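Would you mind keeping the following structure in view while I ask a few things?
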Amino acid sequence: MVKVLVWNENRHEKQNEEVAKIYPEGIHGAIKQFLEADDVEVNTATLDEPDHGITEEKLAETDVLVWWGHMAHHEVKDEIVNKIHEHVLNGMGLVVLHSGHFSKIFKKLMGTSCDLKWREADDKERMWVVDPTHPIVDGIGEFIEIDKEEMYGEHFDIPAPDELVLVSWFEGGEVFRSGCTYRRGNGRIVYFRPGHETYPTYYHKDVQKVIQNAVRWAKPVGREYPTYGNAKPLEKIEPKS
Amino acid sequence: MVKVLVWNENRHEKQNEEVAKIYPEGIHGAIKQFLEADDVEVNTATLDEPDHGITEEKLAETDVLVWWGHMAHHEVKDEIVNKIHEHVLNGMGLVVLHSGHFSKIFKKLMGTSCDLKWREADDKERMWVVDPTHPIVDGIGEFIEIDKEEMYGEHFDIPAPDELVLVSWFEGGEVFRSGCTYRRGNGRIVYFRPGHETYPTYYHKDVQKVIQNAVRWAKPVGREYPTYGNAKPLEKIEPKS
Amino acid sequence: MVKVLVWNENRHEKQNEEVAKIYPEGIHGAIKQFLEADDVEVNTATLDEPDHGITEEKLAETDVLVWWGHMAHHEVKDEIVNKIHEHVLNGMGLVVLHSGHFSKIFKKLMGTSCDLKWREADDKERMWVVDPTHPIVDGIGEFIEIDKEEMYGEHFDIPAPDELVLVSWFEGGEVFRSGCTYRRGNGRIVYFRPGHETYPTYYHKDVQKVIQNAVRWAKPVGREYPTYGNAKPLEKIEPKS
Amino acid sequence: MVKVLVWNENRHEKQNEEVAKIYPEGIHGAIKQFLEADDVEVNTATLDEPDHGITEEKLAETDVLVWWGHMAHHEVKDEIVNKIHEHVLNGMGLVVLHSGHFSKIFKKLMGTSCDLKWREADDKERMWVVDPTHPIVDGIGEFIEIDKEEMYGEHFDIPAPDELVLVSWFEGGEVFRSGCTYRRGNGRIVYFRPGHETYPTYYHKDVQKVIQNAVRWAKPVGREYPTYGNAKPLEKIEPKS
């Protein structure tokens, strides 16, 4: 069983009719719907709940946190970000979607600006699989095609991914590292590009499939947190002059 | 020409006679001495100078910053750390030595706790070269042996290095990833383990050689900072329905 | 279900009484015994069977091939090696154990000499986990300790692993990259160091656990082999002068 | 001083007038011309010379070998390929251009099929810099644009590059990992995509700049080849029962 918490800013849905029409139960509602499965249990949380819906108790019960944010990254409280950071280092998986590249938690984990080029102009996007061995593209063909999406272009200011799985082609002439994995501490992280709020991207079967795979891949392994600090020798050390 | 700024906390030297005897001109003084060369120009700065000796002007003239800190990481002002962070992302090289693993700037760039096991017990250390192609081990044999050093042991909570160059064997039974490189933004970073203040490690010829190589390797390449933000299409985008 | 084929040279067992006493059913027999599980089906094959027990049909039914060889690498026929190579590129997992580092198939997949230092001198070995997120060390503590083993030392002439999971400390003063993963084509590869024939290493619970994890990790994902060769454009190409 | 040997198949130039017009002194001649510099000495060799112009003596004097081949990969003798392979493992740099992806030496070093999609249809190509820290893109802007080139598309069946530096966008809808580095043994390898024989690509200033950078980057570091084989202990090993 993978216990997933889907977090969504949920502001565009409230302020923009167009978005509300596409995602009547919020982006988190749409994601919850396609993630739920016999082996996946899903809860949701949103920015405007107390503590953004993220308590220590909830995190303690979460195997993998899915994150969608955009216009209100700065409103997420630092103390909550620090809590999430600690849980990731302790093993909680994290799946960061689309504009979450600029979230406080992703930037804190990456150590870089996470900046990129962007354009809202109905670009066609074609995400090519460059690592066919990776479990997050299980069941995916050679590429995923999306009729219309926001463009994200290189240079994407991230550390070189531990694994680069998907690379996007955009109609307007750009490329982008769209499916990336990272390990930080005991936690596994996936960044997956698509999902601008004004497009029905999260109803795309292949996009859903990658996120379904990602939460399973990011589930923590069964092991204790390492011991740090002062350590007794395991072997005899010769006295030195 | 590589313009290097060697930063040192310079507190142990003031408070501990034993350290002062080993490094009468400070650890920064010792490092400056072996770094200076026809193609390397070295300045130094220390914690107790105004702004820790690190101004915007100095950073603007610095190709590579070398960092040694230990007991007073928390005294380094966040605004100075942010300045350094920005310069690294803009291309300044950074060479982090020994206990600098816990410096604010290294933790900010790595995104992890950077924690580790440690022991002050006169362990013998033997650093093995695992990447013989790497310029930072140019001129180094199969390993570097140090008679007595502080032990640092795994798990070292860092992101998987972009390049792992040296792995240490310790007498007391531990191993450690001792020579690691990273890229963050436009900047190149080296972490190099040895250099506990109570040992004369920075007089060791091979240790010096690695740091001499590291500042040359971390020198920024000649290119402009990428453009980020809203981007006009480079190709025609078909109108979509 | 993971379908595993354990291949063993099975020569030391026949020629050396000491080895035969430790592994009365051969090293392959010992490995088969601890790998069999509700979700793992195990077959075995050995060098002296016709075609070394490796037919096209058997490979077609194999998810993950486990390989132990040592004194007779050169007797493995090139045509069989080529067959295995093709199956790995098409998605079959491969777990290479101990002296298998010098097998034709591992060298062919790595492209390097795969050479190393070695010593049979009852070294104590301690394998440290350096990637605590990795599924192949699920259930493993901070290290695996083996009382007596053959020493393998750096430099190990392999490509930098895609993931470095375990690093060994040896009593005689060496270190070694002991748990490594690679992707080649559609196939996932694990190299795992321990298992010299004169020691009862494959009865060690932690060593067994890593191999049990490894065959599950190396299982192919569900996807078709990519299409290569001449490709029609997916978008309109402007005529150029 | 970097001593470069540029190897070219030199068959298209002899058999195809169009190619001969573009490269009257052969592709090797064109490359030699833009590589020669105060710190770079260039020799050339071609397929139809005795031993393909590659003797042990020539290799012994070569720091970096540049390789262009296409229609006659199979005519390159295995013994010559093995010689080159050994020199790369011993430290010689290798820069593989365009259709050299299918050369015997590149496939031997990679361990994979090195297959890809291709199309000769005057695609526009735009190579984006994804690693702005890398010396091989020193002096290059955000991308390199080529009016007309052969398309190479993913999946490119190579091991995940040690460093991914350039990613191509193609007009017809594909992407490609166009600038990749690898380390094998003591040698440094660059794969750089552009250069189909029917286009004047090697007169493109940015393409020239990358290759000029690449030969400097791939130059061997100053160190001895590691020692392999049976090794005496460096520390005392306790007798075990």
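As written, the chains take the letters A, B, C and D, and residue 1 is the first residue of each chain.
By our rule, a residue touches a chain if its C-beta (ideal position, glycine included) is under 8 Å from a C-beta of that chain, and two chains touch if they have at least 3 such contacts.
For clarity, every value in this text was computed on a predicted model and none was experimentally measured.
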Identified repeat of the A-D interface (over half of residue pairs identical), from A-C, B-D or B-C: B-C
Between subunit B and its twin subunit C, rotation from the CA superposition, multiple of 5 degrees: 180
Distance from the mean Cα position of subunit C to that of subunit B, given in whole angstrom: 36
For subunit C paired with subunit D, centre-to-centre distance based on mean C-alpha positions, whole Å: 30
Touching two or more other chains - residue numbers and ranges from subunit C: 126, 129, 131-132, 142, 153-155, 160, 162-163, 171, 173-174, 183, 185, 226-227, 234-235
Touch-based graph of the chains, sorted into line, ring, star, complete or other: complete
Of all residues in subunit B, those that touch subunit A in their complex: 89, 108-113, 115-119, 121-124, 147-148, 151, 153-155, 157, 159-160, 162, 171-174, 182-185, 226-235, 237-240
In the complex with subunit D, residue positions of subunit A that touch it: 126, 128-132, 142, 153-156, 160, 163-164, 167-170, 173-175, 177
Residues on subunit A engaged by subunit C in the complex (per definition of touch): 91, 126, 129, 131-135, 137-142, 162-163, 171, 183, 185-188, 220-227, 234-235
